[in-house]
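Heads up: the structure comes next, in structure tokens.
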Amino acid sequence: MSTKIITPVDEFADCLPQEYKELVARGPYREPRSVEDLGTFKEIIEEHPHCAGCGVSLGIRLLAAALPSPEDTLIVGTPGCSFFGLVQTALNYSNTAFGNQNAVAAGLKRMLQIRFPHVHKDVVVVAGDGGIADIGLDLTLHSWFRQEKITTIMLDNEVYANTGGQESGMSRQGRVLNMAPQGKRFPKIPVFEMAKVSGCVYGVRVTVASPRKVGRAVRNAILVAREFGPTYVQIFTPCPTNMKFSPNQTLKVAKEAEKDHYTYEEFLSTEVATYLAQL
Amino acid sequence: MTASEYRVLPGPEGYLPPAAACMGVTLPEPGEALVEGKIVPEEDALQRIAEKLLAARNPVFFPGPLVLWAWREGVAEKAKAVLELVEAAGARVIPMPDYRPKYPMINPAVEINPNHPNLTIWHNRIDVGVFVGVHCHYANVALKIIRGGTDCYTIALCGEMGHEDAMITLRSVDTAKLRRLTEAVKALAQAGLPRAAGEHGRR
Amino acid sequence: MAIQRVVTPEHLFFEAEREKQFITGSEAVREAIRRANVDLAISYPITPQSESMHLVGDIYAEGYLKEYFRGESEFAVMAEVAGASMGGVRVFTATGGPGTLRAFEMFPTWAGARLPIVCTFLTRGVNSPLTIQPDTIEMAFMLDTGMLMFHAENAQDLYDMILKAFVIAEQPDVHLPVGVFADGFFVTHTREQVAVAPADLKLPPYDPYAAPVPVMDMESAPVRQMRDPFVMKSNFISYAAHASWQQEILAAQERARKYVHRYLEGLVDVEHPEAAVLVVTSGTMVSQSREAVAVARQQGLDIGLVKVKSLRPFPREEIKTLARQARTIIVPEYNRVGWLCREVKAVVEDTTKVIGGPRVFGGMTMPPEVVLAQIRRCCA
Amino acid sequence: MYAAAKIELEKCIGCKLCILSCPEPNVLLYLPETKQVSVNQQRCKGCGLCVVICPKDALSVSSI
Amino acid sequence: MTRQQREVAPEYLFFEAPGKQVFITGSEAVAEAVKRGNVDMAIAYPITPQSESMHLIGDLYAQGYLKDYYRAENEFAVMAAVHGASLGGGRVFTATSGPGTLRAMEMFPVWAGARQPIVCAFMCRGVSLPPSIQPENIEMAMLLDTGMLMFHAEDAQDFFDMILRAYVIAEQPDVHLPAGVFVDGFFVTHTRSAVMLPPEDIKLPAYDPRRTPVPIFDMETPPMRTIRDPLLNKSNFISYLANASWHQEVIAAAERARKYIRRYMGGLLEVEDSSAKIFLAASGTAVSQSREAIRVLKDEGIQVGLIKIKSIRPFPAEEIATVTSHAELIVVPEFNMGGWLAREIKAALDNNRRVVGGPRVFGGMTMPAELIVDEVKNALRNRSRAQRSNS
Amino acid sequence: MRNSKTFIRMSGLGGQGVVTAAHILGMAAAKDGLESTVNPFFGAEKRLAPAESYVRIATEKIYERGEVLFPNIILIFHPHVITLGKCYTMPFFAGLQPGGMVIVNTDRAQDLLREDERAGLMRLEARVYCVPATRVAVEVGGTELSTNIAMLGGLLGVQKLVSQEAVKEALLERFGGGKFVASGTTAALDDVLKSKFNRLAHLVERNVAVLTAAGGSVEEYHLGD
Amino acid sequence: MSEGLFRISPGFEEVMPAEYKELVADGPCGREVGVSDLGAFKELIEEHPLCAGCSAALALRLILASLPKPEDTVIVGSTGCSSLAFTQVAVHNIHSLFGNQNAVAAGLKRALRLRFPDKVKDVVVIAGDGATVDIGLDMVMQSWFRREHITTIMLDNEVYANTGGQESGMSLRGMVLHMAPLGKRFPKVALPEIAREAGCAYVAAISPAQPKRLGRVVRRAILVAREVGPTYVQIFCPCPTNFKFRPDESLQKIKQRQKEGAFQVREYVSPEAQAFLAELEGADHEE
């Protein structure tokens, strides 16, 4: 690990922009922070251009606060709304072709294991439902089949939000959306169930209405991925803009989903359970 | 290769002009430097940089991440050498702490960004800008944009092979070379080169 | 289903009275498909193409198409329309930039399988770096896929070319896929006057049994039929068969010239062919050049304009002939590589006449002033 | 046109629920000295999620 | 298990180390190159005629020459995964062919735009449809504008040499672009020929992730706030300009590669008999066929020179113009239907009436020397006929 | 190079309706029998981010497309566009044609322009106008979502580019009946706007009132002062 | 199918090759034949170039014999060994690209439904393990998610056989193969279970070692696909060539694996499909 890259040369410390001074002084790099500590430290995500009340950006904020060692974390994403917030995070973030994130992450993780055999470099995929469940599904599943030691986090807003509100595989049946003018004809893709039968050793389904659970899930998923294999966290991050509800209703929408199709669920192997109990 | 006829001069060069490398300008070999698109002995270039810095109305150094952050051995010392040069040249420092497209925008008074370096040049009315410690790709992108849209005279102190789109570029710049440049500036200043009017000095 | 009357292509294109609408390029796509008697369309989101496929979805809901759905990726969508086309229906889809590259392997397949698919490419830059802005670089990649390629200047062209593409593509002696290209945003998102035929008219339906290859429906002979067979033996005879198959695709492209002449009224449009200096270009760059040419002519400069409408087949002879009498040819482009310039140079005999550029890319606009400056230099 | 959250400090009990439900980073800050929350209005987008979540009605959104 | 090999300077490995001649296939030559390439990681996916070389590289991995290797799920995923591995700061290798190239198409401009010195071998074959596994290099036409460097090997020796040299050229800090090394499948991959190899206990110096023009992705390199590929999130003139300037820098980087291609590959092209008035200009296997044709023509008293084009990107436009300045006829035989090389050459010359594009064979057919001979003779006949009718 | 044409750049912040304003203006021009093209600034921009749209109006056919780099008129929907630089077209006034016009939505004209900007505009013999568009929108229209229409009112107050009747028809077409193609965010705001009025006629009527009121409250900002 | 498709035009009967005459006279079209009748009718597949002892070829034969309505069946294949046999099959069949078979099939099925709304047209995908579980997995699963009315059959020989024996996602953990020089590092992908989760109405894993059961499974899968939703059949057919056992050992190998518990015949039937099958087959027909 290297906090050196967040250590300014003394001579230049003064001339850094304010946000960097804050990151250096109060960022989460040197002592561990969690979701609980939000509001008391300088977050690694700076301002972002997400819409007011955006569930995705809340999800990003929460997961960014939950990273067990942000100074050794690399995030791999894909085009979509999540890009906008993730690009502002104070860590390495890669974003290339739509849907290739789990393949990029696999290559990256393996190379970092070669180059830093004695350091845990956490490679975390953070992407939307379109990137993971539609166009990148095969690459997602194969990273799980192959037991890559990466964490995959889906920010599920149940729509292609960034391109203007099209039906995604994770949209709910019956939803009328762009490209589904008569309502979606098939159910939400059961990616969470897929994860169970495709080799993930730990998985959580959660919503942004339960921030502490999000924090715990992300942290566990990353720690488990280091030791055992692929892990998956699916976070419901409702989109007020495309689903046309008022921005202050995001958490209510998420909360209601918790009683309905987005109940909290966790799965883990016994091995993993023992490991987590020890932590 | 025959020497290129193409001169790399301060802009504004116009609407998306080609990169100098595509106009036949080649990078210097060890011991050489590029001044306005022509290969010259390195010593000549040191001299030209000193002249440009001292004649400038508002010279500004743009240190990049490679010297701003104490990420590896030797950086602190190199940074110190950069600051000695800044001091000798009576220049200011505006950092390039990272390369991301920043939301909602950069504050051009306090930082420079390779994707739109022209904003910082315009805002601060910089007539001579010096790049140091910036990854080559980002330096090249920035230098091209500056030459396309502003009249700033750019100097690149590169740790690798140099930059065709800067008006003056040194290659393989290490701490020792920085110190040699500082000496050249000091010597010229002592000789009493007249300086253009205008506010300067470190913030 | 919407009630529409089938008319001849000639009537729809040239005779039916047209109404002017103030619409975007994306809406022009919808209006073309509304009149195209398309059976099935398949969509996948990508900017700036999505809007046109949303609108096609809407007219599906109104009953103008029989089937429509969102596929899972561009590669899958292009495979799905291929399947449908083999099943004997008229299909439509659209994509752009990275989507084109993601699906890339399918395009030579369409051509090789002789599928008269019409696909609209609303072009944009490709990664890296990521951009959603207009750029025609993807067309450079497509030149040797075997597809026919038309380049629309504006929403009007887009409307006309899509409709005409179906008719040209489906000629039994052509029967090839057609890409109708338009510069993303510059065309898709710009609102302008477009003259369209009445909405209650449509093209005649596709006749799968007039195809030069059997349709895959277990209704057409022969029953023992594989689309498209591996030339699975490794010997001279199979190689020759494979090579001949490819030559037939090239030949089909050649045969398309006649129909491009008939329906698009030529592979190129020329203004002032006698001029000493000619601007040769395609797509949105034609529009930018028109402005520059108009000013230049007002100022007394001897300048003409050649709009290349069809890139495949390429107007080889047309441009060679035009170039013989011209002193200089300027080829401005919206991409970094200058593929149109390369095409032009490869058919012009004296390439010293050809000036590649100005070129802009990465989403930048080409101000007519920049083209004008180039014209001034060349006329000096 | 531009709205931002405002806090009535007398009502704030420092439960931090608002901080955890705000999609914007570094907008709602927790002040350990007073065990209360403050708002950076410059960066607030006025979505109102904090208003809805606050158990004490300490937050409101209004034009700035 | 890691293999004990000594790192040596590229110059030593290429020009000074003692050579030993072996009789191997092109696929084996790839493995021999990778063995000496100090490659960290390779990722594979089956496709004919590429598979064999990637099998052999798997064996190298088992023997400890590479540190990681796996089979991925498809070509797009392979190219994405090597992209990720290269972001991580190591030297990577992969290979593909024809349809595989097209399946992964979207990734190649990504590599170039992200300034990654990935070396990928392309064992060219026909693309669908109809499917063919036979040699044909149409895929090169589709890669010309990806921003990658492109080298076209004539035979197994070239293939071995070019892969190793590609790493050295691609990784120069002022270049730092992906390089594709192309051969015509089967003609090279499955043909056994004499190849001169340096000793196997030496290898290239390791890739230095600290000398890159873009930050490496390891959270050890500043700035920690880094996104590769950053320009999407603003839509305005300034972002467009930044994007355009980025592309210009990719082109500029390829220009800078010329110097290193001259240094390490002895030039972007090779010329034989530069005094000739007639030239055959070709790349890849068509060069070998041309050599045969030149011999036949010489026997018949017709002097024909040869231009072997080794670097397709950057393209030796000036060199070709200079070499052919006095030429009267340039015949360009190709293994594809599109005739992309003829198009490139025509666009590079002033008077391209001199250029005859052809013969072209494809679909796996071979190109007998006689076909080239006939093309030359036909062109000469046409020319003299034209001259007669003019006079 | 285009004396018979008027090229307009509208700069504002996401959510202020710059795209809709351009659309309505362009459509009105078309209804008046003029030639017009309209395009938004092509981006994945979110609310409150800088946004621009462009309108070209002429008596003859317009070919050029893409962003307007050389405007005759610049509409500034929010003073932050220039005072806080919430715009990426920089330097902001670059490209404004000699004799051009700038219209700013503001109540307070002071501190609007930096000294160098003022000097530059004077050199171009440009005219600057202020219109309190947001205030008029709230007071007359009952919603700040009508700010864009007030800006158009300001524009028509100083230059009769299109007729009021045509604007009214354009409003009817834009908000009435059939589906209009808009981005997700715009569509959401449309719904909000429509929900403010119980009938379409009412919406149009109130917006026309905004248009007129704003046209009457434009004031020239004297660069020389 | 149109009536004339299998009728030789008057006057040409004599000149037609024998195999066609046999197909017309003795083929399975319009007749109720199945696996049990093999040998008693002219099969849809003529000769093929697959290796001796190839159990995939056997599986293919059995599948073709089990098609409930061959005269209205279109098959979509993919790159791999099986595609070499398909040129010889007497139903319309498509080979497009490696891995895109389910996408092509989805488009085709929808097109045929448009053109023949009153007729059953069965679209059956038959592809190898590489095409199904590796390169084409996304499109396979999305066709299930979308509830396309098609049947997907995997000929699972646990290796990329056609390209010379590389590891596939269906290879067993530990198998040393090309591109897995140290042995495969992860388990065989549980595609039947994934299919069940992904919305398939009927899923079965079977082998040609039980030909009649295989025939019944294929028939069920196709019938369920017509009425209920997507179906998936995975057929274990080990490859003598790449796994280097004698051609005559193919079926033995399957049985051996079954005995070890490493291969299990299994069927997952959704309640809806169950009800449909019960009605179709009658309760007494159940095993």
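First chain written, first letter: the chains are A, B, C, D, E, F and G, and each begins at residue 1.
Rule of thumb we're sticking to: a contact is a pair of C-beta atoms (placed from the backbone, for glycine too) under 8 Å apart; a residue touches a chain by one contact, two chains touch by 3 or more.
As the structure is a prediction and not an experimental result, all values here were calculated from the model.
Of all chains, the one whose CA centroid is most distant from that of chain G is B.
Chain pairs A-E and A-D differ in how many C-beta pairs they share in contact, with the greater number at A-E.
Across the assembly, the mean Cα position most removed from that of chain C is the one of D.
Remark: chain C and chain D have CA centroids separated by 54 Å (rounded to whole angstrom).
Here the CA centre of chain D is 34 Å from the CA centre of chain F.
One finds 41 Å separating the Cα centroids of chain E and chain G. Multi-chain contact residues of chain E (touching two or more other chains): 70, 73-74, 76, 99, 103, 106, 110, 114, 128-129, 131, 215, 220-235, 237-239, 241-242, 244-246, 248, 251. Across the assembly, chain C contributes 47, 51, 54, 58, 69, 72-73, 75, 98, 102, 105, 109, 113, 127-128, 130, 132-133, 228-230, 360, 363-365, 367 as residues in contact with two or more other chains. For chain A, residues that reach two or more other chains under the stated contact definition are 2, 4-6, 46-52, 79, 84, 87-88, 95-97, 134-135, 137-139, 142, 146, 162, 164, 169, 185, 240.
Interface residues of chain A facing chain E in the complex, by the touch rule stated above, are 1-2, 4-6, 49, 71-74, 76, 79, 83-84, 86-97, 100, 103-116, 121, 138-139, 142, 146.
Those residues of chain G that touch chain E in the shared complex are 79, 95-99, 130, 134-135, 137, 160, 163-164, 166-167, 169, 178-182, 185.
The touching residues of chain B, when paired with chain A in their complex, are 63, 67-72, 75-76, 79-80, 83, 93-95, 97, 100-104, 107, 110-111, 203. Of all residues in chain E, only 44-48, 51-52, 54-55, 58-59, 61-62, 69-71, 73-75, 99, 103, 128-129, 131 touch chain G in the complex they form. Within the complex formed with chain E, the residues of chain C that make contact are 75, 98, 101-102, 104-105, 108-109, 111-113, 125-133, 137, 140-141, 143-145, 228-231, 234, 236, 238-247, 250, 336-337, 339, 341-343, 345-346, 348-352, 360-365.
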